[in-house]
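Labels run A, B and C following the written order; every chain starts at residue 1.
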Amino acid sequence: MPSFVQILDFIGTFAFAISGIRLASAKQFDWFGAYIVGLATAIGGGTLRDLLLDATPVWMTDPIYLICTAFAMFFVIIFGRFLIHLNNTFFFFDSLGLALFTVVGFSKAISFGFPFWVAIIMGSITGAAGGVIRDVFINEIPLIFRKEIYAMACVAGGIVYWLCTKVDMEDYLAQLIAGTTVLVIRILAVKYQITLPILKRDDTL
Amino acid sequence: MPSFVQILDFIGTFAFAISGIRLASAKQFDWFGAYIVGLATAIGGGTLRDLLLDATPVWMTDPIYLICTAFAMFFVIIFGRFLIHLNNTFFFFDSLGLALFTVVGFSKAISFGFPFWVAIIMGSITGAAGGVIRDVFINEIPLIFRKEIYAMACVAGGIVYWLCTKVDMEDYLAQLIAGTTVLVIRILAVKYQITLPILKRDDTL
Amino acid sequence: MPSFVQILDFIGTFAFAISGIRLASAKQFDWFGAYIVGLATAIGGGTLRDLLLDATPVWMTDPIYLICTAFAMFFVIIFGRFLIHLNNTFFFFDSLGLALFTVVGFSKAISFGFPFWVAIIMGSITGAAGGVIRDVFINEIPLIFRKEIYAMACVAGGIVYWLCTKVDMEDYLAQLIAGTTVLVIRILAVKYQITLPILKRDDTL
């Protein structure tokens, strides 16, 4: 039976894959292309993290990520036109995935013996880099560089995780609080359209 | 004296490099840029595979790939205007390279102890990822995500390879059959313009 | 107290980060996006080199690169409108960074036991690949593929380094001469607008 974290991992992968597949379909990708973009969105962040940590990428040890992306693909093919009504649901699952991926990436970096600031970056990469790869594949400027609080929620969650471990909190509790931080910041940022300032255009280039 | 596989490898590298150099030249890249795009097309897939497998990228152990790309470069510079008459020839060599790279990638993953489904992906990455990197460099949406059967031929070849090993076939025979599968599917797909379905445009985004 | 090389490293990182942040700001990236593009410009080349060499990326062992990019960020935010008057200064520091990064990358590859031609490539990747990643992030065709002598200066510096070691020169002297080669070629190329030939447009594609 899958554990609670595995179920969350499956949900996050599914939501990330859906986001990649929908954006690919808006660009007229064929089924193969859409599947690959969905997969890259779901596993790209974790793969970059594992390359940097010199670990075997997680998806090469368990086919669940490929299967989960295939489910996401069928889901979009079958329910494509109804998905607009589910945007809020997807947003919630996507944020849940972001929270979980951040916590997983942070923990993994710590378990590899890296200091907390590397762990914060690894958590953020796990959560946000898949979306960057997705946007490179569909030939758009990465969304997270221009819009809304996204990766900053991961950074905040990582800092909270670190503070929790500083006060010797139990690991499961630290993970819960850090994940909730990511989730809440992300949801508040979208609900109240909180954005980071944009650098003034530098007309000198 | 080079072996038969080394000759095929050289031909595949040459054909892949030519494809990158020609696309770069259509975008007004300078000689250096065209060389790098050609090189990335030829070795990009194998490099990504080796990073994922935690192996030293093959081109770092033998300068033949750099030399072969240099030959491709001189070839395009000298015969550029006549290349249109050779499009069918290039297509054949490109398909041959695709078939060979797929088989090499599959075998390498198996020899590293990974299961068959990882090997199928590694075969496909070896064959197709170089073209994706090429298209990112020239700032186009990757061709293989939108047009024709390309990477799917690698996947099919990988599955055939796996089935051959399941029935305890000799390895050289399995490689021959798997490579031929890739080659035939790729050629038939282009000849009869067989494409994958395109995902319906999802106007909800 | 930081060594001379560390100071050069800091200057190079700062100049590279500035170039990324300014280009990102011209594309209306928010602060987070600009920081990431600046960071990727500064550490992207070294990271790719370390992944290929199977080493831990340098920025994961010392937070100086993150801090230095943060300084570059504040610098652009505060002095943004005056930066146009400093273009020549930035160009010099950027060239200095290119020279230093090339030498560092070459030395590291040699110390990992790779042959000289791999070291030349690793030097060039260290110097030039960050700019390619920057341009992919801002969705432009990489500048170094189309304009001016840039990566070729790294290649030349690497060859000079190799020749110096061939005649058993002291390492610090070889580094100085190789770095100066990169610096001089880069500055002369921009001053006299020396460019590589562009491949004739191949209208056959």
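We adopt the following convention: contacts are C-beta pairs under 8 Å (C-beta built on N, C-alpha and C of every residue); 3 or more make two chains touch, one makes a residue touch a chain.
Please read all numbers here as calculations on a predicted model, not as lab measurements.
S.K.: If you connect every pair of chains that touch, what shape comes out? Choose line, ring, star, complete or other.
M.R.: Topology of the interface graph: complete, with all chain pairs in contact.
S.K.: Can you check whether subunit A and subunit B touch via the same residue numbers (shared by over half) or via different ones?
M.R.: Different residues, largely: of all residue numbers at this interface, under half are found in both copies.
S.K.: Any idea how many Å lie between the Cα centroids of subunit A and subunit B?
M.R.: 30
S.K.: For subunit C, what residues touch not just one other chain but two or more?
M.R.: Within subunit C, the residues that touch at least two other chains are 51, 54, 136, 139.
S.K.: Over in the complex, which subunit C residues touch subunit B? Could you list them?
M.R.: So the residues of subunit C in touch with subunit B come to 51-52, 54, 114, 117-118, 121, 132, 136, 139-142, 144-147, 151-152, 195-202, 204-205.
S.K.: If you look only at subunit C, which of its residues touch subunit A in the complex?
M.R.: Residue list for subunit C touching subunit A: 21-34, 36-37, 47, 51, 54, 56-57, 60, 63, 66, 76-77, 80-81, 83-84, 87, 136-139.
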